[in-house]
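Structures incoming, each one as C-alpha cells.
In the two complexes below, subunit A is the common chain; its partner is subunit B in one and subunit C in the other.
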Partner chain A sequence: MDTNSFDSGKQDRRRFMADALRTGGVVAMASAGGFLVGRRSEGEPMVWQLDPDRCTACGNCATHCVLDVSAVKCYNCFDMCGFCDVCTGYFEMNYKSLDTAAENQACPTGAIVRKFVEEKSGQRFYEYTIDEPICIGCAKCVEGCALMNGSLYLQIDHQKCLNCNECAIATACPTEAFYRIPQSQSEILKERAAAVYQARGSQTKRVIERDAEQTGTEIDQVKEAEANELLARAERQRVWRASQQKGSDSQEPSFQ
Partner chain B sequence: MTNSPMSDPRHDRPTPVSSNSDAPADVTPIQVMTGSKSAIFWAGVVFIAGVALFAVIQVDSWGERANRLPSRFSLDTSELTSVDAAQVAYKEIAAYPVEMETLRAVAAIPDGGFAVVGDVEIQRFDESGRKTQQITTDSPPTCIAFALDANLIYVGFAAAVHCYDAGGERRAVFNEGLNEDSMITSLAVFEDNVFVADAGQRAVLKFDSEGELLLKIDEEKKVEQGLRSFVVPSAHFDVLAADDGVLRVVNPGARSIEAFTLEGDALGAWGETSSAIEGFFGCCNPVALSMLPDGRFVTAEKGIPRVKIYDSNGTFESIVAPPAAFTNESTAKIEIRDSQRNGVLDVAVDRDGRILVLDPNRQTIRVFIENSHE
Partner chain C sequence: MNQSSSVYKIRIFLVLGALCLSSSVAVGSELIPVPEFTNHDVPITLPSNPDSPIWEWLNVGLLVIALSLASYLAIVSRSRRGLFALAVASLLWFGFARGGCVCAIGAVQNVTLGMFDSSYAIPWTVIAIFVLPLVYTLFFGRTFCAAVCPLGAIQEVVAVRPVRVPSWLDHSLGLVPYIYLGLAILYAATGTAFIICRYDPFVAMFRMSGNVNMLIFGGSILLLGVFIGRPYCRYLCPYGAILGVLSKGSKWHGRIAPETCIQCHLCENSCPYGAIATPTRPIHKSERVKARGRLAKSLLSVPVLIICGVLVGLLLKTPLSKLDADVRLAERIIQEDAGEVEGMTDASEAFRNTGQPTSALIERAIGQRELFGWLGMALGGWVGLVVGVKFVTLSIRRRRVDYEPDRARCVSCARCYWYCPGEHVRQGLVGDVSQLVSIETTGDPR
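And now, the complex of A and B:
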C-alpha cells in the first residue's frame, strides 16, 4: 500500500469532518437566529376595514364583495345620533308620513329598525339600529344621514368578512378607503366620532371623580370602565390616524 | 428587401436565392388599401374600438354606475333641490370675501356694515365689504351680536360670552350659569339684555349688561308652561331679539320658531315639518333666523341648503337663495365625507334691509336684495 495515499485519505476525512462541523455550526446558528427574528417580528393578524372619513357611499360595497350579501354593513354612532323623529337616514326624501310603512323607508331592504325610546315634554325620540343580516351595505342611509348629523357609516363586519388576500371591494373602491389594520383595532371611527368618544370619556371620568370626592364614596367602577373603554377606542384611532399621516408624509403607500 | 441574388457583406457569402425568383420586385413596402376595402377596414377598426370602450366602461368599477344597483338604492334629492323659479324673489348683488379658513357667524352692525367670526378672529367690515377692524381671540368664537349703539360687541365662545368695546378691548366675561356642557351657538341683544342660546344645555340664558344671569329658559321653565323643551340634535340653535321686543328662539328638533316675552313667557310658535319648500327639512332646521325691517323672517337651512322668507305670521312667502346657489351643480351626489361636506349657513339683515348670507364654503358674505328693489 502506498503510505502517501493513506495519509492523503486520512487528511481528506479530517478536512471533510471539519468542514461538516463548520457548515453544521453555521446552519445551526442561522436557524436559531432566524427563529428568534421570526418570533420577534411575528405580528398579530391583519383584517380589512374601511375608513368612513374616506367613504363616498358609492354603493360598490354592496355589489363587489365576493359574498352573496356583502360583509360591509351600516353602523350607527349613537353618540352622534340625535334620536330624531324625522331621520333623513331612515325616511325616504319624499316620505308620505312619518311612520314605518315600507313606502316611507329609505332603506331598500328595510334593514333599519326604528324603535320608540321616550317622549319628553311633547317630543318623541327614536333609536335607529341596523338589522345586520338584512343590510347589504348600499349606503343609501349613510347618504341621507349625512344631510344632517352623519352618525350612520359603513364598516366591515368581521364576523362575515372572509378576509380575502385581495379584497374585491378594496380594488373597486374609488377613494381607496380600505386598509389592512390589526385585528385588535377592528374598527375605524370617523374622526368626529373619535372626538366625541374622547370628550364623553373625559367628561364621564371628571364627573365620577367629582361625585366620589363630594360624597366621600368610592369611584363608580362600572362608569369608570365605560369611560376608559371610550377613551381607549378614541386613542386607538388617534394612534392609527397618526401612523397613516406619518406614512403619507414619508411617501410610503398607505393603501393596503 | 428585394429577392435578387446578392452577397452578405459580413461573411462575403452569397445569400440564399428565393425559390420565387421570377416574382416581380416589390417597389411599395406598405400596401395601402383604397376604395371599398379601405372603408371596410376602417369600419372594422372603429367597431373594435367601440366594443373595447364599451367593455372598459362596463368593468369600470370607479365610474358613476359602477355599483350596478337599481336607482332605488341611492338617494334622490332632485325633488328637494329643484325649485320653482317664480318663487325666487331675491337676487344676489354682491359677494364679499372674508379672509378666514372657517367662517362661523355673521351679524349686522347697527350703524352700518357687518362683522364675521371664525378661526380665532373677529372681523368688522363696512357696508361695501371693506375690512375695517380685526380682533384676535384666545379660542374659536362661535357667534356675535352688537349692542344697539354698536359700542359693545358680544362674542360667544363654547362656554363663555366676552364683551369687547369698539376698540377691541375685552371689558367683561359672562359665564354665570354656563358649564362644561355648554355650547353657545347664538347671541341676541335687546336694550340692556344679552340673550345666549346654549345648545349644550338646551336653554336660552338672559344676562344683564354686567353679566349677571337674570333668567334661564330651559326645559323646566318650558314644561311649567306646558311647552315642548328645546330639542337640539346638533349644535345649531339660534336666538333673535327683534325691535318689537319679542324674543324668538329656533326649536330645531321641532322644526319651529317659538316666540317669548323678554321674561320667558311663551307667546306662540310657527313652523312646519316638511321636505317641501314651505316647511323645514329633516331632523333639525332652520339653523339660522333673522328679521327684515318690515317684520318678515329670513331663515337658513342645512342639509338642503336654502334661504327663505316667511311673513310675520310664519307663512312661507318666497325664496332668497335656492339650494343650487350653495351646491356644486355638476354632481347630484351627496357628499358624505366630513372634510368635503358643505358648511352651515348663517343669515343677518343689515340696516338697509339687505340679507347677508354667510357662505362658509366660498368664504364669502353674499348679499341679496329683492328683485323688485332697484
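And now, the complex of A and C:
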C-alpha cells in the first residue's frame, strides 16, 4: 500500500514533468517560429546563383558540382557581344584557322555554336550560342571572352540545379561568388548586362511609342511586354546589388 | 598584380587588333559594340527559371501525411510491416526522388542561420520541415525516425545482423550527436558552412552521383549499419539528439507489451538499437545511500565539467576558425608573402587581382578568429554540460517494473512488438501467453 502510493506519486511527478516539458517545447517552437516569421515576412524559397562579376573562371564549377555534369552553364549576353569573327571565347589562343574545326575551339566539348550572320563593310559577323546540354561549365570560353567584351558568363541553370542546402561549388569558389537569392529573382546579371538591358528596354519602348504615334495604330503589345521584362530584369538587379551593398558593410570583400 | 597587368596587356593588344580589323568600331570605346544588323534581331538571353515552389509545399504536405501515418502505425495499429513499408516509401520519395534535400536534419542549420542572420530569408517550407517532426515527437515519440526520415529508412533497411553495442561504448558514442549539434549551430550561426550537409553520408547515394569521399563515407556507414543498427542515427545525427530529448516528454509512446508485461525479456533481444530499458531490481538501503552519494557527486561535477569545457574551448579558437574563408585566405596570403609556400591558390590569386590591401583582409580574419574564440568557449561549455548531464542521468536510479522502451533512444521501429507474447495474444493468434513462453520462463529471466 505504502509502496503503491509512493509509486503513483512518482508517476504523477513524472507525468507532470513530461507535461511541463511538452508545453515548454510547444511554446519554444511557437515563439521561435514566430520570431523567424516576423523577422522575414517574405520567406520565399531561395535558390543558388553565382555573381558573374565576381567569377574568375577558375574551373571549379565544372568539377565541384554534386551532379555528374555541372548545373553551372555558360550564357552569352548578346547585348554585350561584339559578334566578332575572331572570337576569343570561341577560338583557342593558338588557332590555326578561323573555322569550326575542333582543334581550333576553346570549348572542350564543342558546346558553342558559331553561326554566320552577315557581312558588312568587309567584316564578317558571327553569332555564338551555347548548346546548353553539352556545356560542362568549365569557363574556358568565359576566360577567353573576358579579354574582350566579357559577354560570355557562367550562371546556374535552375532547371538542372538540385538546390542543395550547402552548394558544393560555393564552398570551393575562390571568390565566394555564390549567393542564395529569392526564387522569383532567378538570376544575377553582370552589372554591365543590367545596364544594357535597361538601355535596350527603354530604347525599344521609345521606338514602339514613336511608331504608334506616327502611324496612329495601337502600341505593339508583344514588343512592349518584352521591353518591360528587360526593364524589370535590370530593376531586380539594382535592388539586389543595393541589398548586397547594405548587407555587406566591411564583412564582405568586394571583388567588383 | 602582375597577373592582372599582363591580362590587361593582352586585352589591349587584342582590342587594338580588333580595331584594325573593324572599321565600324567606335573609337574611344574599350568594348566592341553590338553591330547594327540589317536583317537580324539580336537575341535576348533568358534566365532559366526554377520550378514553381508548389513542389516544396507538396513535400510539406506529404511530410505531414507520412508523420501521421507513422505515428498511427507505431502506436495504434502496432504494425512493423506497415512501418517498414512506409520507411521504404519515404526512402524512395524523400530520398531518391527528391534528392534528400532539404531534410529536417539539415534544416537545423537553416533555422540557426535564420535566427542569427537577418539578411537570410528562411523559406516557410524549411521552417515547416524543421518544426513538424519536433511537434510530432512531442506527442508520439520518434516516429519521424521510424519511417519518415530517408536517412533513417536507408539504415533501417540494411540493419539485418545487428549486434549489441557494449553499454559503455553506446553511452560514450551517444554524446557525439550533441557535440555535432553544437558544431553545426556554431558554423551555421556564423554563416561559415553547413557542415551537416557537407558530411551527409547518404545524399550522394540518393542522387546517385557525388564525389568519391562522400560515397565512400556513406558506403562505410551503410556497411557498418548491417552489424550496428542505425549508426548515423545513434552516434551522429544532431537532429536525433533534439528528438531524443523531446521524446522523453512525449504524450504517447509505443508500449512494448500491449497489455501487461510478463517479464519474459524476449523483447530485449529484439531491439537492434539498445533502446529497451530493463526492469530495475530493488536495492538495499546501504546501496541506496551510495547511489545518492553518486548522484550528488555527479551533480557537483556538472559546473566543474562546464568550466573545464570552457577552458579547453579556449584552445579551439584556431582549429575552429580554419573553416572560415577569410581566415583561410588571410593565412594563405601571409604564407605566400613570407615565402613559405610556392605559387598561388585560385583564391589568393583572385584576391590579389582585386588589388585590395592585405591589411584589411588580415584585420577581418583576426576579427573572425576572435569571434571563433568566444564561440569555441561556448562550444566547450556545451560539451561540458552534455557530459555532466550524462553523468547525472546515469546516476539517477529509476524504478521500473516492466520492460519499456527508452524513449530517448527508441526510434519506434516496432521490431519489439512482434517479439512480445502479449502481442500474439492481442492479435488472437494464441489464446494464452503461457503457450508461448512456457520454455523461456522456466528459469529466472535475469
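Criterion: the second predicted complex is superposed on the first by the 204 of 256 C-alpha atoms of A that agree within 3 Å, B and C clash if a C-alpha of one lies under 4 Å from a C-alpha of the other, contacts with A are read in each partner's own complex, and residues count from 1 in each chain.
Quick note on the criterion: a residue touches a chain if its C-beta (ideal position, glycine included) is under 8 Å from a C-beta of that chain, and two chains touch if they have at least 3 such contacts.
Values in this document were obtained by computation on a predicted structure and should not be read as measured data.
Asker: If you stack the two complexes on chain A, which partner ends up touching A:163: first (subunit B), second (subunit C), both, or neither?
Answerer: second
Asker: Which partner chains sit in contact with A:237 here, subunit B, subunit C, both or neither? Use first/second/both/neither.
Answerer: neither
Asker: Determine, under the contact definition given at the top, whether A:32 touches first (subunit B), second (subunit C), both, or neither.
Answerer: So A:32 only meets subunit C here.
Asker: Subunit A residues in contact: does subunit B have more, or subunit C?
Answerer: C
Asker: Tell me the contact category for A:84 with respect to subunit B and subunit C: first, second, both or neither.
Answerer: Both partners.
Asker: For A:120, decide between first (touching subunit B), second (touching subunit C), both and neither.
Answerer: The answer is both, since A:120 touches subunit B and subunit C.
Asker: Return first, second, both or neither, reflecting whether A:56 touches subunit B, subunit C, both chains, or no partner chain.
Answerer: In the superposition, A:56 contacts both subunit B and subunit C.
Asker: Let me test your reading of the model: by the given contact rule, A:108 touches which partner, first (subunit B), second (subunit C), both or neither?
Answerer: first
Asker: So, does A:174 touch the first partner subunit B, the second partner subunit C, both, or neither?
Answerer: After superposition on chain A, A:174 lies in contact with both partners, subunit B and subunit C.
Asker: Between subunit B (first) and subunit C (second), which does A:70 come into contact with in this model arrangement: first, second, both, or neither?
Answerer: A:70 contacts neither subunit B nor subunit C.
Asker: Considering only the contact definition stated at the top, list the common interface residues of subunit A for subunit B and subunit C.
Answerer: 56, 58, 60, 82-86, 88, 120-123, 146-149, 171, 174
Asker: Where on subunit B is subunit A touching in the complex?
Answerer: Residues of subunit B touching subunit A: 61-62, 66-69, 72-77, 79-80, 180, 219, 222-223, 227-229, 231, 233-234, 253-255, 273, 275, 282-284, 302-304, 333-339, 341.
Asker: Can you name the residues of subunit C that touch subunit A in the complex?
Answerer: Where subunit C meets subunit A, its residues are 7, 10-11, 14-15, 17-18, 21-24, 31-35, 37-40, 42-45, 47-51, 53, 56, 99, 101-102, 106-107, 109-111, 114-115, 118-125, 127, 131, 134-135, 138-139, 193-194, 197-198, 203-204, 207, 209-211, 246, 248-251, 325-326, 345-347, 349-351, 353-354, 356, 360-361, 364, 399.
Asker: Quick one: in the complex, what on subunit A touches subunit B?
Answerer: Subunit A residues touching subunit B: 53-60, 62-64, 82-88, 93-95, 98, 106, 108, 120-123, 138-140, 142-144, 146-150, 171-172, 174, 190-192, 203, 206.
Asker: Going by the contact rule set out above, which residues of subunit A touch subunit C in the complex?
Answerer: 7, 10, 17-22, 25-26, 29, 32-33, 35-37, 39-40, 42-47, 56, 58, 60, 66-68, 75-86, 88, 117-118, 120-123, 125, 127, 129, 146-149, 155-159, 161-166, 168, 171, 174-176, 180, 182-183, 186-187, 226, 230, 233, 243, 247, 250-251, 253-255
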